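Here it is, the structure in full.
Residue numbering begins at 1 within each chain, and the chains themselves are lettered A, B and C in the order written.
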Amino acid sequence: MPGSVCTKDIQKNINGSISTASSSPAITLTELQPLMANPDLPPKCENSQEDKREVDTVQQRSSNVRACRTRFLKAISYFSGDMKVFGKWMEKQFFLLKLLDWVLRGAAQVMFVNNPLSGLIIFAGLILQNYWWALNGFVGTLFATISALILQQNRGSIAAGLYGYNGILVGLLMAVFSHKGDWYWWLLLPNIFMSMMCPIVSSAIASINSRWDLPVFTLPFNILVCLHMAATGHYNHYFPQILFQPRSELANITWAEIDVAKLFMSVPVGVGQVYGCDNPWTGGIFIISLFISSPITCAHAVLGSAVGMVSGLALAAPFGDIYFGLWGYNCVLACIAVGGMFYALTWQVHLLAITCAFFCAYLGSAIANIMSTFGLPSCTWPFCLSAITFLLLTTETKKIYKLPLAKVNYPEKNLAYFWKMKKQEKMEKAEKERKENKEQRKALEEAVPINAGFVGVWSGSPPRPLARQRPRRLKIRRSRASSGTEPAGVTRLPTL
Amino acid sequence: MPGSVCTKDIQKNINGSISTASSSPAITLTELQPLMANPDLPPKCENSQEDKREVDTVQQRSSNVRACRTRFLKAISYFSGDMKVFGKWMEKQFFLLKLLDWVLRGAAQVMFVNNPLSGLIIFAGLILQNYWWALNGFVGTLFATISALILQQNRGSIAAGLYGYNGILVGLLMAVFSHKGDWYWWLLLPNIFMSMMCPIVSSAIASINSRWDLPVFTLPFNILVCLHMAATGHYNHYFPQILFQPRSELANITWAEIDVAKLFMSVPVGVGQVYGCDNPWTGGIFIISLFISSPITCAHAVLGSAVGMVSGLALAAPFGDIYFGLWGYNCVLACIAVGGMFYALTWQVHLLAITCAFFCAYLGSAIANIMSTFGLPSCTWPFCLSAITFLLLTTETKKIYKLPLAKVNYPEKNLAYFWKMKKQEKMEKAEKERKENKEQRKALEEAVPINAGFVGVWSGSPPRPLARQRPRRLKIRRSRASSGTEPAGVTRLPTL
Amino acid sequence: MPGSVCTKDIQKNINGSISTASSSPAITLTELQPLMANPDLPPKCENSQEDKREVDTVQQRSSNVRACRTRFLKAISYFSGDMKVFGKWMEKQFFLLKLLDWVLRGAAQVMFVNNPLSGLIIFAGLILQNYWWALNGFVGTLFATISALILQQNRGSIAAGLYGYNGILVGLLMAVFSHKGDWYWWLLLPNIFMSMMCPIVSSAIASINSRWDLPVFTLPFNILVCLHMAATGHYNHYFPQILFQPRSELANITWAEIDVAKLFMSVPVGVGQVYGCDNPWTGGIFIISLFISSPITCAHAVLGSAVGMVSGLALAAPFGDIYFGLWGYNCVLACIAVGGMFYALTWQVHLLAITCAFFCAYLGSAIANIMSTFGLPSCTWPFCLSAITFLLLTTETKKIYKLPLAKVNYPEKNLAYFWKMKKQEKMEKAEKERKENKEQRKALEEAVPINAGFVGVWSGSPPRPLARQRPRRLKIRRSRASSGTEPAGVTRLPTL
């Protein structure tokens, strides 16, 4: 659809009046749209075509369909993306409700999702997995958020759940790795202490990472859980941990014994293992929660998990580990982080995200082996380190664009921001060239008889300055269309 | 006592002449006083009250007492704090004497104390513990300082002992962890080499840490001692180390067997373990040496050691380790560092220091377990890492004020600096408000008959502008009094 | 030779005309000479002495010799140093040839040598050692360079081989440490993957290190090889690694059994171990390849290896390890890096380089012991860490001058840069002083009768301002002569 508008646009430009400025309001409006950048471009474009006087009925009907669709998308935008409208409404509510919102957003932020609905669904998944774990996760998120409030951390960050996600992981994983089993209530004490340390460690790491415009990822969680586990260890009276031991013999790998069903199931299990859950249904629920907020995130999560599984097979990992999702969860996070979250999604970035997932799987195996020497699990260290490595990468190509940390949102919005920026750049260039063209044309008009000039335009053989102008314009549109494969998918999405 | 002066001050101000400038010299003078900020405020205040012509005998007597006390405090200031006067006098002495001063200050700088007398007492404590260790410590400090001179490091830092404290720890701990026992003279060779590496490693770490305005702490010591121990290890012909092994079974903890006397003794032992000493008397001597220089430091040292002991009990540590002070020494250092040394001491910072001590104890256990895998002790890694974490913390509250590294002194002086800064801020605000008041009063005086205005002042119901002014002034004083709980204790201290 | 010119220079200056500018073109020309700074100073000086009309035949003959020598040095300059002329010529060749140049330069860059001829000789050495290893090394360099091209890294860095040297090490060492033996073709898969990750990791580390103006050294290699080895480990079906185990008993060291021939041979073996080669002939070939490019580098390489050997003996290392060159290779690299590569070579820096080599040997033993706990080799971590430590060092002396990273070349050129800078500084000072002198002389001339002034000049007792001038000038020359011990050796070198 946008394509038709574009060609019209071009023709209009060629016809005489030079008004690329007409598309700039449309562009500025796109970023105001919560989730999709393109869908309502057509109606806005029409508004700018106020000089069009004859509207046939066919077009009117199609515009009705469009209006319906716009309304439908608007409805979706209320609970997809980062639920900005809901967040604003929440600001006026009383404290406990706000706190709940922050806790839910915190639960979802583990997957870089700033959406309370996703958080709610994730808690549902956790409850499906294990009541005790879910409780610990909730306590962790709650106390991490409270601690951030006490320490007077940035309110915006707290409201986005950025102080909660380490808390939920600390709470969950301390319960998962406890050797005392479920409902050992004393565990809540170190749980609360470690959760409350989260904002301190987060703030400290942010002081360092901000120098390179890097986020803290789940480093505070990794540090604090490893801290708790190393401090107590397997041989402790009060808080014994599950025993991790380094591999000391060849694993038994018989390709004939491979269970393909389990292998496929390992993809959702890998997503579930981000929260330490091995239930494939829980993993499935997590995938849905991601899909609600951001389909790009969801796609990369599944892709990452699959890459992890393949890597496990390639590096001769025991099948049990692969089925259990241990090869997937780091790749899930790494693939999400690189694939659209901190980079603007282009196909080069997409390939980079897949490379990062492979690297992360490799690193995951290495770190798991090293940490097992200390009787520790690998947590999400592999994800953190591989994502940091790939975010520190600098290249001379413009196709790999790392967003400034302050501008990072969810992938769809990041893309919109990237396109807007790119178009502004091109617009400026075009403006410049047009001015030159104008001058050139003036010179031409003075030299060439007027009729000859018009004939040239209509017969497809325009005077040289215009000929130079056309391919450039076409290129602009085409570039949007080519890099727009992803948003096209996004546009189709709500109609599914 | 300052309270009386203050109220007088206020009344004077109310009586008519507005001259808050009278208190500003007093404030600027406070920071010139070596240790205490308040004690000699009264005499200075009196000087500024030159318009007072009638002095009754009672007041004269009390002023005599004050003068005595001032002289006494002045005497104390010569050997408390950082002994600035002594340091200046030293500058003119010949080289070997200066070097001795630097070595003694270096010995005390382990505890953040820049005081040669404390250093001397610490060496006395070390000799009480073990002659050989004391000798190694001395050699370490000496060669570290000499190496810094050769490498042309900053003279001010050398004179403050900042290049010596890693040397003393390197020397001491290499002797403590040597498996060859005392008086193995060959040990002096690696001792000297490692001590001379201290300034290089210090300088390198400072290059990194200075980006975040962080001190180097005892990181060079940790790196170099771990380096030496890992390079040689337990199975070495020339420099074998004591064997450290990871825990591989449950410790036997029977609460009935607990020895409360030893548990209490573990507090001074914990202080002594900062220098690797397990003799409680040595620990006691160290506490005294801290008290001489800075009572706040001393209090936090004891508090930290106690927190470490409690943490040990909470995490089911073997009682032997707790008695031996292994849970205390890191907390001692962490609690000193956060509690008044690098932060200006407020009660929020005091709580933060205690939190840091708990975190440090947790971290200490974790690092000890991890390092034992390599056959290494935990040294003071836990202190360094926890202190760095807590110093990197950023908050939006003004109550937690981190001093710029260049302004760090001993806690009492830091406090004086913090108050001065705060008062200057308030003064500026007050100045602004007073100007507004003046204008308002002028407006009032023009409106209200003059007599009515005076009556209002004396009858306690002043015209509105003055009423607004009074509470503000009182608040200034009160704020000094409220946040002055610590210096009040400091003031009382010399009279003990 | 330069000495005679200098004294003449001085006399000329004294004679009346003040023209130190005459020496400045000579200085600027020195840096244009590829390898040597001094040799062609005399002829250039003569050119500037155009006012000299009588040239005796003796001097002419010596100038012929000089011309010959200059031509000879020019010929040498074509294949020594960084072969700039060749590099420029290469730019116009077709892609595959360029790629080969980059790969060869990459092979030599492990030793900080940017010279394709050295790279070629190094590959010859590798082939002498083991065909399979050489192949893997080539594949590694090739794919690392290709990956850098794909990722659009800086072209200049690629052309200097800075993206290849980690690749060759990754390729080589993965082959060396593989437990499957030679010609296990599957190994090429992880080899290619890890090589292609090199530019990513390099770029990431550069982002961090550039903040302190530090190079990335071989950190990417260390990270990636440890990653591969830790991920697979000894107990792996597809890519098993050689088993590394921590020492658990006293090594058998009998001084009577020492083999002095092997001990001396360990010096070239140590150089060879930089590329994982234990063949002394290979090591010897590597030494030659270093000599071609930069004699200073070569000397420090041999020195470093010797220091490593001595350290091994001092720390009671098993003789087998020392013979095998395991104590040498890190010291070789550390000694090269500090001794002239990143610091301008003065004798203080030379001592620092030796200290660094000792420190590196110590660190090497420590890291080897720690890494063996994880079943990993120490790779070149000790070199990286010790070199970084010594490069972060800051002192207040000007004798230890760290070159800005952008100005780093090979040691001889670095020296030329350093001298030029130093001379410019002095020149500016001299200029300033001369101006003062002029004014002073003017004042003198006005006061003293003219004849008296001239007599003073010729009799060796000039008026005071000139007397002050002379020692300064002499000092300039002397300082060049004293710090020129190294280039003097360099000058003699091609005539050997």
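Going forward, contacts are C-beta pairs under 8 Å (C-beta built on N, C-alpha and C of every residue); 3 or more make two chains touch, one makes a residue touch a chain.
In this text, all values refer to a predicted model and were calculated from it rather than measured experimentally.
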Could you check if the interface between copies chain A and chain C is built from the same residues on both sides, meaning over half shared, or from different ones?
different
Rotation angle (°) superposing Cα atoms of chain B on chain C, nearest 5
120
With centres defined as the mean C-alpha position, give me the chain B-chain C separation in Å.
46
Rounded Å distance, chain A centre to chain C centre (Cα mean)
46
What positions in chain A touch 2 or more of the other chains?
211, 373
Mind pulling up the chain B residues that touch chain C in the complex?
151-154, 193, 197, 200-201, 203-208, 211, 226-233, 235-239, 373-374
In the complex, the residues of chain C that touch chain B are 211-212, 247-251, 253, 314-316, 355, 358-359, 362-363, 365-367, 369-370, 373, 388-390, 392-397
